[in-house]
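These are the structures in question, set out in turn.
Next, two complexes with subunit A in common: one pairs it with subunit B, the other with subunit C.
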Partner chain A sequence: MLRIELYKIFSRPRTYISFAVITAITFIIQLAMYVDGSSFVEFAIQGVGDQFDIQGRVLNGYLITYLILQSLLVQVPLLIALVAGDVLAGEANMGTLRLLLTKPISRTKVVWVKFVSSLVYALALLLWLAIIGLGASVLIFGTGDLINLKSDAFIMLLEDDVLWRYGAALAFAALAMATVAALSVFMSAFADNSVGPIIGTMGVIVVLTIFTNLELPLFNLVKPYLFTTHMVAWKGFFDVPVPYEAIAQSAIVLTIYIIGFVVATMVVFNKKDILS
Partner chain B sequence: MENTVEVQNLTKKFSDITAVDDLSFTIQKGDIYGFLGQNGAGKSTTIRMLVGLVHPTSGEILMQGDSFSKNKKRMLSNIGAMIERPDLYGYLSAMDNLKMFAKLSKKDFPSVRLEEVLVTVGLTGREHDKVKTYSQGMKQRLGIAIALVHDPELLILDEPTNGLDPQGIAEMRELIRNLGTQLGKTIIISSHLLHEVEQIANRMLVIHKGRKVSEGKVSELLNPNETLMEVRILPDDSIEEKLRAKEWGEYIVESNSSALVFKMHPRKMPRLNKYLVDEQVHVLEIRSKHSLEEYFLTLTNQADVEN
Partner chain C sequence: MRSMFRYYVLVILLLMQSISYAQQQDVDSAQYLFNELKAKLDRVEDYTADVRVNIDVSFMKVPPLAGKLYFKAPDKMKLERKGGISILPKKNMSLALNTVFPEGDITIIDAGNDVLDGTPVKVIKIVPHNDVAGIVLTKVWVDKERLLALRTETTTRDNGTVKMDLDFGKYANLALPDKVTVYVDVKEFKIPKGVTMDYDAGTAGKMEAPKDDGKRKKGKISINYLQYNVNAGLADSVFDENE
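Moving on to the complex of A and B:
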């Protein structure tokens, strides 16, 4: 059944919109950096230029990839919602859910397969991001040490200490995207057309991200429990030392959310009367 | 005869609306079972409960003696269903749709079965075209092919002629009749079209406002003594007067120069036909306009009065 679901997802033209969007944004960033990257780097390090003597190729593929990831890992969840929010609601809207559920397959399995296929799609998006973000940037700009400028720190990662961090960050991002996929599938179980779950997922992510970013005492209380707080933990892999404990904690929270969303979807979907 | 489906006191409530109310009926092996009711009578809800799309509020569905709800997967492997429109994946070909649902049916069969079933529904030649290019009639046929591909014993077809043109309706009826008579399938067909059930089914159930108002053999439920018979003739302005002067006058219900409708026992028809021929009237067609419609309205009106 999983093969069938993947075939359905990857046979639809809309699936490739996300790949096109990622490619376009990546290309724009790469082009901008290729044309005007040196002034961007000068501007970025002007605050620390007086205290440090920075040598070598600062504008390199690793830096560009980091910039791409920072921009895109906010957008990718929205692109995942485009497909994952459609997996159940879209079938209900098309009317194919009726036919699917008259076949000898349990609804629990339907939900599981829908979630896994959404996950595969999300992983394919991340892989594509890695290929055109990291691969193409390294090919165009070459490699070098990675400068990670934070508000309170200046981190210089040596060239041969960078690649594994990208691997780990993308692996963590996969977990974060799985959470988004699970949320989208959950929302999809309530609706009979895909617009609701797609916008719903986007809305939840936007609202919770605002909560996460606002430094207000009330929000600080709930932040540790919001999955959006933990979705950005991939950035920890570019710190020195890497905060493994905090990353593991975030991974656990995200895993709990994934299990929660998937189980809740199974319960809701099993009880649902299919009237579409 | 063995019961394929036995429905016992089935009820479905949506909040405070009772869509199906204490419904019981049985379907025997080999039946083409007509499920008749007006729009909103509860047909689709009942059909959806029979395939597990809607959960009953109370009551039991037994299939070959076993509980449907407790053996749903096993039961569904022996059911082919087309619920309302056959909505399919328009961006895939008919063959891809067929293969996909065949795999989901969890039965092993040779790939030649796909070709066979396309031949059965008369859909060969365009099986590799995308479904979005299909006419409604072709989609309906593909829907039947998908319902048939795993060779189920029970076919459940909910309003299978909806949206078809007259030729498509006639072809679909013929196809359903053949599935019953030639392939020996037990078929449940729901319809709000009264003459459709009459033409296809051997047994039928009439429901109204979610309740059963009648169940039995079509031939027994309909009163055969007073059937509407329509005689189409080449235009003849004098024939009505001649008929009214004879015993036939009392049977005339409607008339114009090219069509006459009689309400009488069908056995009288050969004699009437002979009379018309003797009077040099050119008879083009004689067909039964069965009184199912009257019968149905009588039943539902009775049910309304009783409630």
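Moving on to the complex of A and C:
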């Protein structure tokens, strides 16, 4: 059944829109950096550059990859919603859901397979991002030491200390994308057409991201409980020292969200009166 | 006649002593020490040194940087790290002694004696008549015996006060230090969180973000010189920035 679901996902043209969007954004960032990257670097490090002379290849493939990940890991959840929000609602919309449930498969298994197939799609998207983000950037710009700017810190990582961090960051990003996939599938269980779950997922992510990024005392109270706060924990792997404890805590929170969304979807879907 | 002879001998002896005292005074004078020190430093026209740089600044997390430091008189300096990124204090002004001394018309003031780690030193103040180079005042603690600057304190117009401690070893005869520790004033570093989109480990976990009082802070940069290659003749092109 998983194979069929994967076939359904990867045979739709819509699926490849996401890959095209990621390719286009990555290419635009790489082109912009290739043409005028030095001005960007000068602007970015001016706070430190006023006091220190920074020489060498600051603009390298590792820095470009970081910028691409920073930009895209905000957009990728929306692209995941495009497919994952459709898995149940799309079937309902096309009138194939009732047919599917006539087979000797439990509704719980249907939800589980739909979630896993969405997850595979999300991971494929992430893998593609790694290939064209990291691979192409390193090919074009070469490798080098990585400068990472936080709001209150200037972090420099030596070239031979960077690659494992990308591996770990992408692994964590997979967990974050799994959360988005689980949310989309959950939303999908309520609707009979895919527009609602897709826009609903996007809306939830956008609103919670605003909550996460606004520095207001009221929001600070709820921030630790929002999954969007923990989705950016991949950045922790580029800190010194790596805040493993906080990253592990973020991983636990995201896992709880994933389990919660999947179980909730199963409950809702099992109780749902399928009319289409 | 004999008493007359004694009188002459006494006068000659007194005269010789006063000349010797005057000469000693001259050797101890701030101007003399400064000239001698400057002459000693000027003997080094260029050098290449294997170095290890440690940066200890509150907002900077930079691992120890091993590389090659190139210097060419009067003020060219570059740290090369085989394609890696190098970080040095702005304008390198605080790493080479030659650049700490203001150029042009200066006034040398004797600021008395002091003791640094058990070594008696003469403190010299160097005041430039104009601050074109941005240096307002330089204080130098000079080891009179070895003619070495053990500490400098440079007050600049824009970059606060830069203090530098120097340790000498096998290259002391060329006034080249084995270790230089630079203490600099650093400004607060802040970028809006909305731009960096930080992962706040303090919010997500238990770790607290570092507190910042918004004032200037002290930073420390240590450079260990492992090996020098002096006066080998360095081309200006070595210092060209191509990145």
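The rule is simple: the second predicted complex is superposed on the first by the 274 of 276 C-alpha atoms of A that agree within 3 Å, B and C clash if a C-alpha of one lies under 4 Å from a C-alpha of the other, contacts with A are read in each partner's own complex, and residues count from 1 in each chain.
What we mean here is this: a contact is a pair of C-beta atoms (placed from the backbone, for glycine too) under 8 Å apart; a residue touches a chain by one contact, two chains touch by 3 or more.
Quick caveat: nothing in here was measured; it's all calculated off a predicted structure.
Colleague: Clash or fit: subunit B against subunit C, after overlaying the two structures on subunit A?
Modeller: fit
Colleague: Determine, under the contact definition given at the top, whether A:Met94 touches first (subunit B), second (subunit C), both, or neither.
Modeller: A:Met94 sits against subunit B, while subunit C stays out of touch.
Colleague: Between subunit B and subunit C, pick out the one touching the greater number of residues of subunit A.
Modeller: Touching more of subunit A: C.
Colleague: With the two complexes overlaid on chain A, check the angle at subunit A between subunit B and subunit C, Cα centres, nearest 10°.
Modeller: So the angle at the centre of subunit A is 180 degrees.
Colleague: After overlaying the two complexes, what is the shortest C-alpha distance between subunit B and subunit C, in Å?
Modeller: 41
Colleague: Please report the subunit A residues shared by its interface with subunit B and its interface with subunit C.
Modeller: Shared contact residues on subunit A (touching subunit B in one complex, subunit C in the other): none at all.
Colleague: Touching residues of subunit A toward subunit B in the complex: what are they?
Modeller: 1, 4, 7-8, 11-13, 94-96, 98-106, 271, 273-275
Colleague: In their complex, what parts of subunit C are in touch with subunit A?
Modeller: 59-63, 78-79, 81, 83-92, 159, 184, 186-187, 189-207, 209-210, 212, 241, 243
Colleague: Note which residues of subunit A are touching subunit C in the complex, please.
Modeller: 47-48, 50-58, 70, 74, 144-145, 147, 149-159, 161, 213, 215, 220, 223-224, 229-230, 232-236, 239-240, 243, 245-247, 249-250, 253
Colleague: Give every residue of subunit B touching subunit A within the complex, in rising order.
Modeller: Within the complex, subunit B touches subunit A at residues 14, 48, 51-55, 72-77, 79, 81-92, 100-101, 103-106, 143, 146.
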